[in-house]
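What follows is chain A paired twice: with chain B in the first complex and chain C in the second.
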Partner chain A sequence: MKKSWIIAMNTFNESLRKKTFYILLVVALVVIGASRFFSFLAVEDELKMIKDVSFSTIEFFGALIAIFTALAAVSTEMEKRTIYTLLSKPITRNNFIIGKLIGQSLIILLNVILMSIFFVALLLIKKSPPDLQTFKTIFLIYLSLVLMGSITLAVATFATDAFNLIFSFFLYIVGHLITYGKALLERTENVVLKGLGEMLYTIIPNYENFNIKDKIVVGVDVTWKYIGQTTLYGIIYITIAILIGIHFFNKREV
Partner chain B sequence: MNRKKNRIILFIAIFLYIPLGLLQVSIDYLRKAEDLEGRMLLMPGQVAGSLVLGGFRGIAADLLWLNVEDFWHKGQHYKMLPLLDSVSWLQPQYITVWAIGGWHMAYNIFANVSGNAAKFEKQLDEKFQGLSKEAQKKAQPVMKIARDIMDLREDLQGYDAPGMAEDRIPSILARLDGYDAALAKLHKNPDIQPVVEIAQSLASVPREELFWYRKGIEFLKKGLTYNREKYDLYFELGWTYYHKGMDYANAARYLERAVKFPHPDYVDSVLAHAYELNGEVDKALAQWEKQLNTGFSSVAERAVHAIKKDGAFTPKRRRKLGLDPE
Partner chain C sequence: MAILETKDLTKIYTLGKNRTVTALNKVSMSVEEGEIFGILGPNGSGKTTCLKLLLGIVFPTDGSITIMGKDQYSVDIKKNIGFLPENPYYYDYLTGPEILKFYGRLFEMPDSLIAKRTDELLELVNLQDARNLSLKHYSKGMLERIGLAASLVNDPRILILDEPTTGLDPIGCKETRDLLIRLNKAGKTVLLSSHFLSEVERVCSRIVIFHKGNLLTTGTLRNLLEEYQAENLEDLFVKAIEKFDRETGSIDKGVE
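Let's turn to the complex of A and B:
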C-alpha cells in the first residue's frame, strides 16, 4: 500500500504541475461565477440557475480533468520511459495501477473541492446556504468522476490515447442514455434483443445513477439509502475497472 | 505475476458484475420510488437537446426557460407554450414553470384574446353603419347577438360578475353554440355577410377566453400531480379559480389543501375570502379568527368584527348584500 501511495503522490504532484489543470479550473470557476449574471430573473429562478450551472460545471470540467489525468497516467510514463525505472524497482504493476487511481482520485477531489468552495460562496452571497442535499449531489458527482477516471485508466493499459479519449466520452454519453435505452427495451418482444440489452445495461456504467443534480435543484430530497446504494455501485464498478486495468497491464509487455 | 493469478483477477472482475446487476435493480427501484428518474427530450436544432444527452437536463431546462422569458417580454405568448411543455417535462418538480405557465395561459393569453373583442366591436359598428337602411334592418338580429355576446363576456370577467365557475361553463358554451348556429343561418343572406363574419369573430372571443382559462387551470392541475407535497400549486390553482374564474367553490377546495402544508400567511387570508364568497360565512369567520395572531392580525380583526356585525367582510359580498354602495 505504501508503494501505491508513493505512486499516488507522484501522480498527484505531476498533475498539479500541469497547466491544463489550472486552465480547466479557472475556466470552470469563471463559468460558475458567470451564473450570477442571471440576476435579471426572479430570486428563486436565479438560485436554480446558479445551482444548475455550478453542478454541471463541476461535473463537466471534473470529467475533463478525470479523463485527461487518466489518459496521461500510463502513456506519459511510457513516453518518458520512466515506467521502466519504476517497474524495475520493487513496485508491482498492481501497485502502479492502484497508485495511479488514488493519485487521480485525489486530483479530482481537489478540483471538486475548489469548485465547490466557489459554488458555496456564491450561494452564501445569495443568502441561500447550501443544505445537505447539495453536498450529497457533489459527493455523487465526485464518485462518478472517479469512476470515469478509473475506466479511462483501465482502457489506457491496452489502448491508444486517441481511442481511449473517444471511448471515454462515448461511454459518458451512453452511460447517461442507457436508462432510456432500457425503457425502450422493455417494449420489445424479441427475447434475444431483450437479453442482449439487459446484459449491456449491466455492463455499461450507468452514470444516471449518480445524476441527482436536476432533482435536487427543484427541491426533491434524496435518501441516504439511495446515496449508500449508489456509492456501493460506484465502488464495485471502480473495482471492476481497476481489476480489468491490472489484468491488461499485467499482460502488456513493458 | 503469473498467468493463473492474472486470470483470477479477470474472473473476479467479471464475477463482480453479478452483485452490480443486482444493485442496479435495487437502484432502479429506488429511482422510481424517490422520483429521481430523468426524462428524455430531443428537440432537433436546439442546443438543449444535446445537453440532455450528456445528462445536463437542468441546464437544458434553464436554456429553454430563458427562451420562455424572452418570448414573454416580447409579448409572444403563444411561442412560449411548447417551451413550457418541454421545461415541465424535463423538470416536473420545477414549480415556477407550472405556476408561471398557468398564469400565462389563464391571464396573459386570455388578455391577448380579450384585446381582440374591442377591435371586433369597433369593426362591427363601422360595418353596420356602412350598410344601407334596408340591410341594417336585416342585420338587426346580428347586432342583437353581438350585444348578447358582449354581455356574456362581461358576465365572465366583470368584478361583480358570476365568472367562469365550472358548473356555469357548459351553459355558456351551449349559449355560444346557439349564437354560432344563428349566425351561420344569417350568413346565408349576402347583404349582411360582412357584418355576420365580424360577429362570428366576436363570438369566437369568449370561447377562446374560456379555452385559455381552462387550459391554465389544466396546466396547473398537471403540475400538481408532480408536486403534491407543497402548498405552491394548490395556492396557484386556488388563486386562479378565485381571482380569474370567480369560482369560489373550487378556490376554497384548493386553498384548503394549500394550508395543510407550510405556507405564507396570505394563503390563509385568501382562503377566508374564498369561504365567504362561497357563502360559507362560518368557515370564513373561523379562518379569520385563526389569523388574529399572525402578520394579518389587523385585517383579521376588522374581518371578524365585520362578519360578526354584518355577516360580510369581502367588498364584493357587502355590495351584493347592499351593505356598501355600488
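Let's turn to the complex of A and C:
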C-alpha cells in the first residue's frame, strides 16, 4: 500500500503541474461565477440558478479532469516510456494501478474542493450559507467522478486512448439515461429485449443514482440512508472497475 | 556462480491475427556474479527484448529466467537490480533530486539515506549544478547521466544498462565507461547492452552476440576471437553474423 501511495503522490503532483488542470479549473470558476448573471434568463430565483449551474459545472469539469487524468495515467507512462523504469522497481502491477487510482482521485478531490469553495463563497455573498444537503450533493458528484475515472483507468489498461475517450463519455451519457431506458423496457413484452435490458442495467453504472442536485435545488431533503446506499453502490462499481484494470494490466506487455 | 540465468528464453510477439515475430529464440545464457557482461547485436536483434524479459516488463512465451537463484518476477529480487533504459525518459516536471527521491522511496529507502545517496550520485554523474533544474530542461546527455544515477539509487547488486552511452559526447562516453569499471570493481555485476563495439570491447569480460533473436555465440572476447579467427571485435561480430546467415540461409529474411 505504501508503494501505491508513493505512485499516487507522483500522479497527483504530475497532474498538478499540467496546464490542463488549471485551464479547466479557471473556466469552471468563471462559469460558476457567471451563474448569478444567468438568473435574469430564468423565471426561477437567483439562488436556485446559482446552485443548479454550480453543481452541473462541478460535475462536468470534474468529469473532464477525471477522464483526462485517467487517460494519461497509463498511456502517457507508456508513450513516454517512464513505465519501463517504474516497472523495473520493486513494485507490483497492482501497486501501479491502485496508485494511479488514488492519485487521480486526489486530483479530482482537489478540483471539486476548489470549485466548491468558490461556489460556497458565492452563496455566502448572497447571504445564503450552504446547508448539509449542498455538501451531500457535492459528495455524490465526487463519488460519481471517481467512478468515472476508475472505469477510464480500467479501460486504459487494454484499449487505445481514442476508444477509451469515446467509451468513457458514452458510458457517462448512457449511465445517466439508463433509468429512462429501464422504464421503457418495462413496457415491452419481448423477453429477449427485456433480459438484455436488465443485463445492461446491471452492468452499466447508473450515474443518475449519484444525481441528487435536482432534488436539492428545489429543497427536497435526501436522507443519509440514501447517501450510504449510493456510496456503497459507487464503491462496489469502483472496486469492480479496478479489479478489471488490474487483471488486464497484469497481462499487458508494455 | 551465476547471478542471472536464462534457459531457452523465447519471446514471440503477435502483431495481428496471423502474424508473429520471434524477437528472442531459445536463448540460454548465464551471467556470473561480479562480471561486466556485454550483449551485442545489430538493431532489432533482440537485445532490448531480452532486457525487458529479465525485468518482467514483457513476459516470456517460453523458457525461464533465474535471478539470484529465484524467479525474476519477485518484488524482492528487483530490490537488487538497477536499470537504465535506452533513451531514458523520466517525469520531466521533476528535478534530478526529486526523481531520485521518487525511485528511492519505491525501494523503501528512508528519506535521510535517499538524501545522502542523492548528493553522492549527483556528484558521481556530475550533475550537482543542475540539481534545481527540472528534467524537461535537461539535454540528452544529462538525461542519460541522471538515468544512470537513478539506476544506482538503491546501490544494486546487478546493474542492467541498455545503450548507456547513446547521446553522450566522447568525454561523457569515457566517463561512463570509467564509472562502469569502478562500479564493477566495487562488486557490482553489470549487464550492458550496446551496439557500440568499441565500448563493449573495452569494458566487458564476457560477451554474447544476438542476431535476429538468436544467440549466436557467447564467451570471453579472447576465446571468441580465437574461435572465429577474428582480428578484433568488429571482425568477430561480422563473421558471427555472416556464419549464422549462411547456415540458416536467412540473409535478408527476418526471423518469423
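In the analysis below, the second predicted complex is superposed on the first by the 247 of 254 C-alpha atoms of A that agree within 3 Å, B and C clash if a C-alpha of one lies under 4 Å from a C-alpha of the other, contacts with A are read in each partner's own complex, and residues count from 1 in each chain.
Keep in mind that, in the parts below, a contact is a pair of C-beta atoms (placed from the backbone, for glycine too) under 8 Å apart; a residue touches a chain by one contact, two chains touch by 3 or more.
Everything numeric here is computed off the predicted structure, so don't read it as measured data.
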Clash or fit (per the criteria above) of chain B with chain C on chain A: fit
Partner chain(s) touched by A:85 [first = chain B, second = chain C, both, neither]: second
Partner chain(s) touched by A:211 [first = chain B, second = chain C, both, neither]: first
Residues of chain A touched, compared between chain B and chain C (which is higher): B
Which of chain B and chain C A:100 touches, first, second, both or neither: neither
Superposed model, angle subtended at chain A by chain C and chain B (C-alpha, nearest 10 degrees): 170
Contacts of A:253 with chain B and chain C, given as first, second, both or neither: second
Which of chain B and chain C A:136 touches, first, second, both or neither: neither
Partner chain(s) touched by A:2 [first = chain B, second = chain C, both, neither]: second
Partner chain(s) touched by A:56 [first = chain B, second = chain C, both, neither]: first
First, second, both or neither for A:201, with chain B first and chain C second: first
Where chain B and chain C come nearest after superposition, their Cα distance in Å: 8
Doubly contacted chain A residues - partners chain C and chain B: 92
Complex contact set, residues of chain A against chain B: 41-42, 44-45, 48-49, 51-53, 55-56, 59-60, 92-94, 172-173, 176-177, 179-180, 201-203, 206-209, 211-215, 217-223, 225-226, 229-230, 232-233, 236-237, 239-240, 243-244, 246-247, 250-251
Complex contact set, residues of chain C against chain A: 52, 55-59, 75-76, 78-79, 81, 83, 85, 87-91, 93, 102-103, 105-108, 147, 150, 160
Interfacial residue positions of chain A with respect to chain C in the complex: 2-3, 6-7, 10, 13-14, 17, 80-92, 253-254
Residue ranges of chain B in contact with chain A within the complex: 1, 6, 9-10, 12-13, 16-17, 19-21, 23-24, 26-27, 30-31, 34-38, 40, 53-59, 61-62, 65, 69, 90-91, 93-96, 230
